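Going in written order, the chains are labelled A, B, C, D, E and F, and every chain counts its residues from 1.
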């Protein structure tokens, strides 16, 4: 049985993340979405909300779990019995940015990272861009699951 | 059970290829090295030799098979029961070059490609560079398995 | 009135090329598809066929013409009254490859090149990959206009 | 008539920006420099100053206007009657960074982005580097119009 | 005699930096590690500690000096009699990010930048990743000299 | 004393190559232009002509020599007493393409490669593009030294 960990801030989870999870299930029996608890990125949504939205968005998929993590990614991977880390790639620059982290996780925790391409039609669906659209009054319901859109609209209105 | 196909010309197989196969075994139970029979690249070694060297170089690994293919990669994947295609990446340009092919295989055959990073210490061990060194009289025995070095020296001497 | 020249080998024209022409029409009143006559790339289809297929594939679009060229691109642009050259980009490596040519055309002919992104859903639809699929017995009718598919199947069968 | 919007923070406008505007005029009849009012980047100069400097720097060019915007870029484009968004590119990484935003603007507003190469001799003239040089006591008058240099020296001295 | 300046924040110096210094000594007789005093990056360690750790880590190498700088890099280079600036590169994106700065230093100070590749086996050893590992309770003693590890553990514990 | 080897096909030497040699002289006392004798690239000009044109184009520079080589680059470097190999870079993709070769030369011959940026204003002056312009009847005298232009015009006329 192959277990893959898909780490991130998921602030919020998007249709792009859901797509990566679905593709990871082609080679992994179990995919764990690992929500980083304390991000240096000052998330829009608190960790509990991010986890809840991820669970609601992935409920329809078998073999998927949502966990949170506060420490080293490689420590969480060991505790969760992960065989590999999964990351999505859009272009060459993404890989250049991910490579040092993937090599560090290999060096520190002996764990491999596998990279998969998301759906081309979702190449623009990044959490940061989605929040940006919402903050400027645009509609985001074609980029995120319905429950996510509602939470994001509320959170940007409260800022 | 996860089956991964690792396609290429393997002209010849190098320590870099062996490293990718070993890493693929962290998430795949079965890794099939698929040697492209008729390459447009005018290989140095004939297909039979390339297959034999791959088999000899991977003999020590459980769950690894070597096959050849003449048609569409996605057809071979279907016949072999592959869940994913595996490719090694060294830098961002590699990904930009692989992406259209991976998207085409997804469009034509519905099969995903997963990308893994080879050992950094082998980043220069490409078949083309290895042959180049051998052609100019350099030693290649730290880049390829022993049996491969012998065949390559003989083949370049015969050119 | 803005005239844009879209140069290439068009061996054959694909849905990806048609998409670029349609997008170029958002800023250009007249888009000229310029088929390079004597390519160093040993085309599968002769120039006359490539022109004919381009014309058939673009017939439905107003403001589009198909021409051929044998000399310097910048000379053809001058004769055709072009304001800019148009090129499609898929990733960062594409731009790095196009940049020296675009700078050379600026230096030699004083003409600018503008780059546009094709439809993400067509990112894999390159002429070379389409021919590769056809050569190996795969179907290409979702990547090229119908008339093109027929010609390509015939040409690869005749090889 | 083709209208192009060139969006940015313009903190401050540089000779590099002026060069892009001049090149955009080869295919656009009207180029609108759109100064983002509320940037998350904590600009050195206030929006009014940035607009004023842009106007002074582009005064010599026919068909150029300077506007400000507070909301979604695509909404501003619609109100201004823009046919395309224009962006300058220096290297492949620039394109990889711009692509998701360009795809998002296409998805949200149905507007295309065209990319043009600036003058190679100005490849280093970015607003951030210019401010950095000024902050450390260097001269910037070969990188920005004269009125801009005066304002930037005053602003960094006041920090 | 060739003098090279290797500028950076060195927060902290890593085995990767030491490796670059050693390689720079293959063409430079004198390599000056130039620690930027006031970084906008909010360093973990104060400038005096960063200088001390750099000195301790490079003590075994002949021809190496450690200096600090507060102003323009090109001014420091002139005062130190530098012939070139040295930078390490890991991938293509690194070069795209360094290029504008290198061109600016050429334009402002007439000084060239030469780029060298670090040891592939240290491609993940970046100061930011090392601090990240330490903050999350991981071990960093295989990435930095011994004295550095002690200081970093103390500094992250005090945060 | 620092000796740098600048290897290539030099078919023909361009103003871009001359620029790199001049910049290499800022850190090297002796720069050796090493013309690859037997290139797999089917050069337009024979090796003797390429050497002669390089000598004529570099005659005005002190500390520059032109040599030819038939074997491994690292063997030539050893015989010539080279401390480093020098390569010019234009963009990130260039570096990704050069890196495996540079790592191979380090592995096989223990020699470092240093990368320098050419003059931005010459970013389009590549031998292949220059020949392409000449073949199509364009003028190349602003891209290559005068003697080179004469030889190239003659060679393309004789093809």
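Methods note: contacts are C-beta pairs under 8 Å (C-beta built on N, C-alpha and C of every residue); 3 or more make two chains touch, one makes a residue touch a chain.
Only a predicted model underlies this, so the values are computations on that prediction, with no experimental measurement involved.
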Original post:
Counting C-beta pairs in contact, does A-C beat A-D or the other way around?
Top reply: A-D
Original post:
Same or different: at the subunit B/subunit F interface, is the fraction of residue numbers used by both copies above or below half?
Top reply: different
Original post:
Once the Cα atoms of subunit C and subunit E are superposed, what angle does the rotation have, between 0 and 180 degrees and to the nearest 5?
Top reply: 180
Subject >> Longest centre-to-centre distance from subunit A, chain (CA-based) >> reply: F
Subject >> Centre-of-Cα separation between subunit D and subunit C, whole angstrom >> reply: 31
**OP:** Please work out the Cα centroid separation of subunit B and subunit D, and write it as a whole number of Å.
**Re:** 47
Subject >> Whole-Å gap separating subunit B and subunit E, where each centre is the average of the chain's CA atoms >> reply: 38
Subject >> Multi-partner residues of subunit E (each touching 2 or more other chains) >> reply: 91-94, 96, 99, 102-103, 106, 120, 123
Original post:
In the complex formed with subunit A, which residues of subunit E make contact?
Top reply: 90-94, 123-124, 126, 129, 133, 136-139, 142-143
**OP:** Write out the stretch or stretches of subunit A touching subunit C in their complex.
**Re:** 91-93, 120-121, 123
Subject >> Complex interface listing, subunit F residues touching subunit E >> reply: 2, 4, 23, 26-29, 83-84, 89, 91-96, 99, 102-103, 106, 112-117, 120
Subject >> In the complex with subunit C, residue positions of subunit B that touch it >> reply: 71-72, 74-75, 92-93, 96-97, 99-104, 106-108
